[in-house]
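Can you keep this structure in mind? I'll have questions shortly.
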């Protein structure tokens, strides 16, 4: 980079950082003014903080202030606030408080989630954070319920799993949509998910069916179902493609046989054919693939099919990469 | 008459991959005509197309678009230095072509095709670059059977996560993590680099079916028929769970912008990496923008133990690393032995130390192959992969080894990666240290 | 007592545990419920198994801990990764008056294992409903158990003091529990732990049953090559571990296979690479296809070859399960619980030694291999040419 270009870049970064600092400084002044204008919460003397953080906590914890103002504290200062143990406790209290504004609670939860990434620093609070998530499972605010249930389910939390399973069986209310509940349980392949996924597959939405099929890919017992879906020309292409991926994971050899048929079947959907051929081209035993002379001949017939240009291109690429005999 | 060009650190196939860091090269006469020295000019073969190169006679001299050399007739090599031009990276392997010609003549005596290979903004990638990346990544994953699962397993259990989070080694560990992955991708396709996700800006082309997937009405992540990432599989389960909580078409994630991030830890010349306390250093960026980028989604990327199951994780962290690189350039922070570049400058046994794996002289798990509490029980990736294009960071890098990634202080530290918008060197007005 | 065979709901099994904890002879009847391979544990989810295990172990606090139960308790402390299970083991140990040294070591190990894995749990009932009326945490219960042992836990006072100083690692209530224990220890006269080892109690190995058809079981290895059990496991001694690639407990399968790779290296260093075969057999043959077996082993350092192979059993898995009396059970989709198990087989494929349930030690397995070699060479085999031995060491149990 020329010296002039470097100088221009430095000048631009200076401008950006100076502007950021100035904006931060203005904001902190506004915060201090807002905090001073309101009665201080007697609990604040417990916050041993840097000067700018004490007004921030005063504004954040003042439920009389507009929610937007409190959310802005979290957006602008939430990360630095959550590096201190006492402030994390305050954030947890905000999330737990069902009387507080939903938007503030939601962003506080998001802030805590970001703090949780600082694993070593967050460790003393992890269990309290999990407890708050458990508390949110029956929270009146749907967004909070969904977030909590999602995070816990991904961790294979047994408490939320028991709640979801019981609710699906009719024992208690579902904290999230039925479809979502099934998919969240499916995050743990050590549960008996296949019957629920089979129920989900009967859904009207192709999007839902695609997700059901995706998670079926953890269960060898689902292989016949997945092959059937992949072959089903009446099923949405997106669902069939997902089924192909799941089938390939469970039984690569069976997928290979089916994919060879579908990819060279001119009556089948071009996208499904393309996905099958692409998987054959890049993954698995390509030596065996190229040794199948009959298949290679069928691919040759595909390469000039301009009614399916993407498929034709994949066919040409596959043939071009074939090793010399 | 023939001229031979050799550029240091070629790969096994003799190809060269350059960044912005200068690399040693030589030119020599192969079949002299007469005994007189030969005057040549080294330049770019096509100044309009492809990656662009610049040259210097000495490593630390200013570089120019052409360089005049005088080559002895006896074939003695003449040294020069070559690097990519910032802002003119390659978009395909071998599209940066060095030419040697007699001065003023159009006909080249010899050419050498190389690649100026740097990490780029994912949202700005061309279709071919994007497809090469997604294909290489999908092959590394190999539907769960590939090496990718090792990378996932490095970021899973609590003891593993301790090695890399919540303490100042966060940035070094993840820099090594990304480079390890990138080098494995380059074994599959040497033209590939890890792109970064500029999370403070909209990235609609990234969250699309042709790239990392478009999220459908029910949170299904949809890939196009030719996108091999549809075969993605981690932990024995197909697909990806990801639902952005922001509008990916017209908004960035819920993060601070680059200017705010770069201002963390103070401004030049006083900027500090970490202070040894809760706050005051650049390492606070682990919370914002890093943590907030993660929590701008529902799905795997929202939680530490599941985040690397989503390939977006690596593009997110590539931007985190880019921000660190930019901060380093802006503030001249390449010498880890200086207080402002790293606070805990000893090792885990030092008088003033933090958690193991986060002191400057600590080696980093898993590459150090140290297992057993407080390290995890096994080491999924060890040693750190050696590549012909760079000798650094070595088989068991320390936290400190990851700081001088372009070889500014020590040429041997050059790790052969760079960012398209982060130049080599330091910002002009910064004093050393 | 014979454990019930009929299916029982989790609620009913919890009620049974509650009855037994207050019944005469309940300790032995509870201990009879511990083996994970019992039919009552079939078709349960892994989560259910964790809850039941924790609740069952905690019941020993009321009944006392019979010898037969101790290896199970130590297993859950040292290799449990689910908070309720670890907590149950810790609580159950309060049925002992005095700990052995390995019990104290296991409690400390549990503290390390719970880093990042602690959770709020409750034993108010087998399936507690949130919010819990009597919440506690696994770390809290581990520390309280140390306190329960009082002066007999003095040997680990230095480790407790170290934990007390790690203020960034633990939440306030746990730190307070640790300090309470230290305060009590400061005021008492230290006593040594009880003598002996707790890990190794249990029945002797089973003899190979008559009419055993295991040798004909068909195996497929990591390269999709077929062989039979007899073909691979006869002719030379071998070491075989059981595992599955979807195991989510970092202290079990992943560690087992990593140690198997370490064992392979040690055998090679001693020039025994070809003399002893190495193998691992998956509990999950339908899912663990050859490429998964290969990847799993290679990732953990195993070098595959003619004498080092991973297998899935394509025919005859039930026979193998019975022959080894495998400590495994299955939910509707996959394994729901298993113990750590590694076996030394003699050159006729008979079980010469078993390393089960506790964390096994590479050195102990090597010693067993060398002992087997010496025993074979001195002709001390039994009349059938098989050896059945139980090894008494810290790392070996035969439960």
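A, B and C are the chain letters, set down in written order, and residue numbers restart from 1 in every chain.
One rule holds for everything that comes next: contacts are C-beta pairs under 8 Å (C-beta built on N, C-alpha and C of every residue); 3 or more make two chains touch, one makes a residue touch a chain.
Treat the numbers as computed from the prediction; the structure is a model and nothing was measured.
*Asks:* Which chain's mean C-alpha position is nearest the mean C-alpha position of the whole protein set?
*Replies:* A
*Asks:* I need the chain pair with the most C-beta contacts, please.
*Replies:* A-B
*Asks:* Just how far, in Å, is the C-alpha centre of chain B from the one of chain A?
*Replies:* Measuring from centre to centre gives 25 Å for this pair.
*Asks:* Approximately how many whole Å separate the CA-defined centres of chain B and chain C?
*Replies:* Their C-alpha centroids are separated by 43 Å.
*Asks:* Can you check how far apart chain A and chain C are, centre to centre, with Cα atoms defining each centre and the answer in Å?
*Replies:* Chain A and chain C have C-alpha centres separated by 35 Å.
*Asks:* For chain A, jot down the residues that touch at least 2 other chains.
*Replies:* Each of 119-121, 123, 189, 218, 252 in chain A touches at least two other chains.
*Asks:* Two-or-more-chain contact residues of chain C, please, as numbers and ranges.
*Replies:* Where chain C meets two or more other chains at a single residue, that happens at 115-116, 246, 287, 291.
*Asks:* Can you list the chain B residues in contact with two or more other chains?
*Replies:* 144, 158, 161-162, 236
*Asks:* State the interface residues of chain C toward chain A in the complex, per the touch definition above.
*Replies:* The touching residues are 43, 45-47, 50-51, 82, 84, 115-116, 118-120, 127, 130-131, 137, 168-172, 246, 248, 286-287, 289, 291, 331-336.
*Asks:* Which residues of chain B touch chain A once you look at their complex with the stated criterion?
*Replies:* Chain B reaches chain A through residues 20, 62, 85-87, 135, 138-139, 142-144, 158, 161-162, 164-167, 170, 216-220, 222-226, 228, 230-233, 236-239, 241, 245, 254, 256-260, 262-263, 267, 278-279, 284, 286-288, 290-292, 294-296, 298-300, 302-306, 326, 330, 355, 423-425, 427-429.
*Asks:* For chain B, which residues count as touching chain C in their complex?
*Replies:* For chain B paired with chain C, touching residues are 144-147, 149-150, 153, 157-159, 161-162, 236, 371, 373-374, 376-378, 380.
*Asks:* Sort out for me which residues of chain C touch chain B in the complex.
*Replies:* Per the touch definition, chain C meets chain B at residues 112, 115-117, 245-246, 250-251, 254-255, 258, 287, 291-292, 295, 299-300.
*Asks:* Help me check something: in the complex, which residues belonging to chain A touch chain B?
*Replies:* Those residues of chain A that touch chain B are 1, 3, 5-7, 9-10, 13-21, 23-24, 50, 75-76, 78-80, 82-84, 110-111, 113-123, 146-147, 150-151, 154-155, 179-180, 183, 187, 189, 205, 207-208, 210-211, 214-215, 217-218, 237-238, 241-242, 245-246, 248-249, 252, 270-272, 274-275, 278-279, 282-283, 310, 313-314.
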